[in-house]
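These notes concern the structure reproduced below.
Labels run A, B, C and D following the written order; every chain starts at residue 1.
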Amino acid sequence: MERRSLLRETIEHIDIRSFDARPIIDAYGKMAFQARNLHKVSHIFNKMLHDESCSIILTLAGSLLSAGLKGVVADMIRYNMVDVVVSTGAIIVDQDFFEALGYRHYRGDSIVDDHRLRELHIDRIYDTYIDEDELRECDLAVAKIADGLPKRSYSSREFIKEMGAFVQKHYPEGNSVILEAYQNDIPIFVPAFSDSSAGFGLIFHQQRNPDLHVAIDSVRDLRELTEIKAASQQTGIFMIGGGVPKNFAQDVVVAADILGNEQRMHKYAVQITVADERDGGLSGSTLREACSWGKVDTAFEQMVWSEATLVLPLIISDAYHRGSWKGRSRKRHQKLFSA
Amino acid sequence: MERRSLLRETIEHIDIRSFDARPIIDAYGKMAFQARNLHKVSHIFNKMLHDESCSIILTLAGSLLSAGLKGVVADMIRYNMVDVVVSTGAIIVDQDFFEALGYRHYRGDSIVDDHRLRELHIDRIYDTYIDEDELRECDLAVAKIADGLPKRSYSSREFIKEMGAFVQKHYPEGNSVILEAYQNDIPIFVPAFSDSSAGFGLIFHQQRNPDLHVAIDSVRDLRELTEIKAASQQTGIFMIGGGVPKNFAQDVVVAADILGNEQRMHKYAVQITVADERDGGLSGSTLREACSWGKVDTAFEQMVWSEATLVLPLIISDAYHRGSWKGRSRKRHQKLFSA
Amino acid sequence: MERRSLLRETIEHIDIRSFDARPIIDAYGKMAFQARNLHKVSHIFNKMLHDESCSIILTLAGSLLSAGLKGVVADMIRYNMVDVVVSTGAIIVDQDFFEALGYRHYRGDSIVDDHRLRELHIDRIYDTYIDEDELRECDLAVAKIADGLPKRSYSSREFIKEMGAFVQKHYPEGNSVILEAYQNDIPIFVPAFSDSSAGFGLIFHQQRNPDLHVAIDSVRDLRELTEIKAASQQTGIFMIGGGVPKNFAQDVVVAADILGNEQRMHKYAVQITVADERDGGLSGSTLREACSWGKVDTAFEQMVWSEATLVLPLIISDAYHRGSWKGRSRKRHQKLFSA
Amino acid sequence: MERRSLLRETIEHIDIRSFDARPIIDAYGKMAFQARNLHKVSHIFNKMLHDESCSIILTLAGSLLSAGLKGVVADMIRYNMVDVVVSTGAIIVDQDFFEALGYRHYRGDSIVDDHRLRELHIDRIYDTYIDEDELRECDLAVAKIADGLPKRSYSSREFIKEMGAFVQKHYPEGNSVILEAYQNDIPIFVPAFSDSSAGFGLIFHQQRNPDLHVAIDSVRDLRELTEIKAASQQTGIFMIGGGVPKNFAQDVVVAADILGNEQRMHKYAVQITVADERDGGLSGSTLREACSWGKVDTAFEQMVWSEATLVLPLIISDAYHRGSWKGRSRKRHQKLFSA
């Protein structure tokens, strides 16, 4: 009863086609502070979309899709604004794959008795609720996919592609990042794949198949992303939050160098973040600092200091309506790999 | 030469009538995190506007008007969305009155050689430049106003009203918060009035008139705002940033109690802020905490964590287009005072 | 009963003589990030103390004294580490004068039912409780002091000096910033004086003395601080938090210029703050930015990013034990003013 | 020449035995805000050390060891204050293993021309410099270790144990977290192992050994950490920063549940962080929120809001001098695994 009343109002994903943010972004460019930074992020993103030689890497960290941004990210793929995704496991598995299975996130409260939620099997992300029993189903769906695969080492990309095939087969109607990426040959990398619901599913799989089982070789992830970098003339990175995805996407420049390919820094780089450079952590480190590492060129870089739900819909609505994506050819980097 | 090239691109003030933020605010209400908080701030603000019994107090802190928000605040007054303003001196004098005199702010860079700017008489606010010589003219205009007034103690409100009369007379064509407030009988309070360009003008005035001169009695500010509170059935506060204006507008509830009036907490309270409650400071203190002080009721309160330029235009564009202000009668609290 | 149980554990003020922070500060200087910034703040502060030509201005914002830092600030005055104080009203009146009257602050909880506190007349500052009835007594003590004074305009400094005389007379045994400043001729300025318990006391006084009463002329504050600046060879500012005190103490350089005195920037400047420059506000604005305004020289400036309770005791314990204050002559700037 | 002048002042690691933080921590417990939170973190940590049934998991994120905290973390292992480490790759490989090879970090400047650093092969972390050519040597040392191992899948823990053996053999004299852990049978997990200098070394290894090579199965990491959890009566987590290590260490409770073991939440949990819960991300999520997930009990949990270099030395100096570690038996969880 009470449980049902807490899991009632679903999170609805914003549709960036339903409003036109262009006049807002234009006006913000003539203001100051973060409004102007937001404009510059948009400006550089549109520049990336115009630059036919540029492969765009989107990095995702933070609870973005559970917060109503799933449609935005799916649309970025649908409308050819992104060529590679690097993400945390929570976003791709616990949030996107979870919803692809038909489950939902719920609007909750950030000040609440967490002991009571515990008893009710409700998990909380700030002001969002999740049915914990449904999350267990999500874990098991991953285990089931692993059970059906040849027993060998996979990159996270390969495994996520299989998850895409699973969704395509069983839940083809949904609006899902995994599905959209699968259909458009967009590779998705999750460098810390087992740190998610996928990890739970895969240890379950491995425990029941102790000798021969699916393993996830994270080294392979780095090799594959490096191959994509090598196969691209130019690259740009669109970072939402920081963490491992930000670091991993930047590292690939160094990795290419080590593997003997000519080194080209990321030509474009934008980031939405609330992290601060003053703690010395990577999440808040400036893109200028990344230049010292030879990772990011500073000609076209900009950070905007904001929680992502406030500004990502504006940036993508602006890009959608300006339409630079229309003439862009699909990169289909997934096809680089036989598997 | 170089100086001119740095003072070339002016800050342009965003026009909240030129786009309709309603679909964005609506969609944000079904998401999570700060998007949902932003929606709730908008929702409560529209509720305030609907509530005919409610006087709305706007508090301003941070370099808001130099950043391109002057038009938004002026429109809030123009379209009857605010009945009292409590502000820092920098906003009302250094930024609004300064522009009312015909001067402008300029788009600059946040990473720059400040020694060079010093030599060029250019003052910097993050990514914004100001011509320091023009700022000196602004100081002197304040001194000139003081020179022309009867020599006695004034509240900041009284003096700012005189600044409004001065602008009305000499610069009636501009888009100015002071002018708009003057024309609509909106009182403006600046509790730390001398901590601004006005302070520079007034010490200049006092130095040349050592015996008889204009003084600013800040106690009178508190008394007058308390009288307005007492004359209002209900009150709501819309806080942008924290600082003295936030504290002062909340204190008035306690002040009314001390002066023997029946105590009514602020019925509505919203705040845009990036401050954090974890330092124990007032700017980031929660509105729930203010309830313990008997200042703010918690039925209708919400904070949104964002730098103001990103979200204020959305909130006010939403309120403008929903039109609750249209049926609202002008409170004209300025008329409470003979002076 | 319940009320008594909530107001039981008092805040105790840390004694910086009871431990020696020098080895910590020394070691931090060879590390990175905020540890190294903390070391540099200490280093510059010790340099200020060594520089006999330098008057040191301490600015205070945030709920510092209620948090257990009263002893630290009182010791800074006692051991001749500060020559002028610029503060918020809450710190000097609601916290210091309040405790000088014999009242105390109490350790509380930051997650609590604020409605219940409201009913119990307990005010909350993050994790600290105050007896609201005692705070009313504090307001009335201010009114009583005003009642006993000649009826004219005062600077906040003059009035606070009278508060010091009151404490000296009635509560000479306490450990109080106001008392220590009174005894050592240290002027204290509160530019937004009425935005505090003093404001409540003074409106009470003015209401009962409508024609002839004490008024607080904030313009006079700026004039007087400017005179002190002019009378000092060099100046250094030690800023805890930002807000009006930070701005006011920096403004004085510009004010001196306007009054025709030769302009000398603050030679030394350090700040403890958690504010961020990215919102364009003054509290987080860099000291390099202040250089563009001609306010702060950049040769000796440093900010450390920390909540103040964590680091101020370390800085002052270090300075106390290094002993540079021992040979320093008292500036006694209070004596500049006849009143 | 210029390069040498920039790489001159080395970062020195603070020695927590060289000062006694107990009086500071004691005094902070009677104050408010973050001082009191710091005290509570210390208090709970000492409680963990006293509780013989408790295995302590240390999680590390942010550039901690390059900032001068290597000695603190090594001492935590040396003095038996930690039983398991979960870390980012940068900390364990780029920083600790890097210094174990004899290289050093250098004190630099946070405001600098990053293009010039790029040309000089100097990498920057906020105010710290690294010789990029030395970092390449570190990558290659990892490749060399991999070259010498049987070609199969490893958990990151297994591989890091081999790195410990390598350091023990070739660089036994250094002060290193990897070495100290190796000698005391402390397992170290790096869930995103390839997102580091180790990744560069391993892709180099795999490229030259395309058919048979070392792979890192991150699923195995989760299984192994879950086994440790199952073998422990109680667990406590000491989190420095957030990111994947925080999430991974908390996930293990859920993982144990899925593998059919009785579920026990982490009994103790403390975190040092500057992240904010208001962005909904995991790094700043409250430990109360973690209770809703069934991961952390709330009886003994506390967060302190500070950059880590400021407070970690105080916490560990306090614990070292209180001496609860002296009677504690070594858990030696490494021995759970044959490999």
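Details
In this text, a contact is a pair of C-beta atoms (placed from the backbone, for glycine too) under 8 Å apart; a residue touches a chain by one contact, two chains touch by 3 or more.
All values derive from a computational prediction rather than experimental measurement.
By number of C-beta pairs in contact, A-D leads over the other of A-D and C-D. Counting the residue numbers that touch the partner chain, subunit A and subunit B have more than half of them in common. Rounded to a whole number, the gap between the C-alpha centres of subunit A and subunit C is 47 angstrom. Look at where the CA atoms of subunit C average out and do the same for subunit D: the two points lie 39 Å apart. As a whole-number value, the distance joining the C-alpha centres of subunit A and subunit D reads 26 Å.
Residue positions of subunit B touching 2 or more other chains, listed in rising order: 32-34, 63, 67, 125-128, 276, 278-280, 305, 307. Residue ranges of subunit D in contact with subunit B, taken from their complex: 32-34, 276, 278-280, 305.
Interface of subunit B with subunit A (complex): residues 10-15, 18-19, 21, 23-24, 27-28, 30-36, 38, 63, 66-69, 105, 107, 125-128, 305-307, 309-311, 313-314.
Within the complex, the subunit A residues that touch subunit D are 61-63, 67, 88, 90, 110, 114-115, 117-118, 122-128, 132, 136, 139, 153, 191-195, 199-200, 202-204, 206-207, 214-223, 226, 241, 243-244, 247-248, 251, 254-255, 258-259, 274-283, 285, 288-289, 291-294, 298, 307-308.
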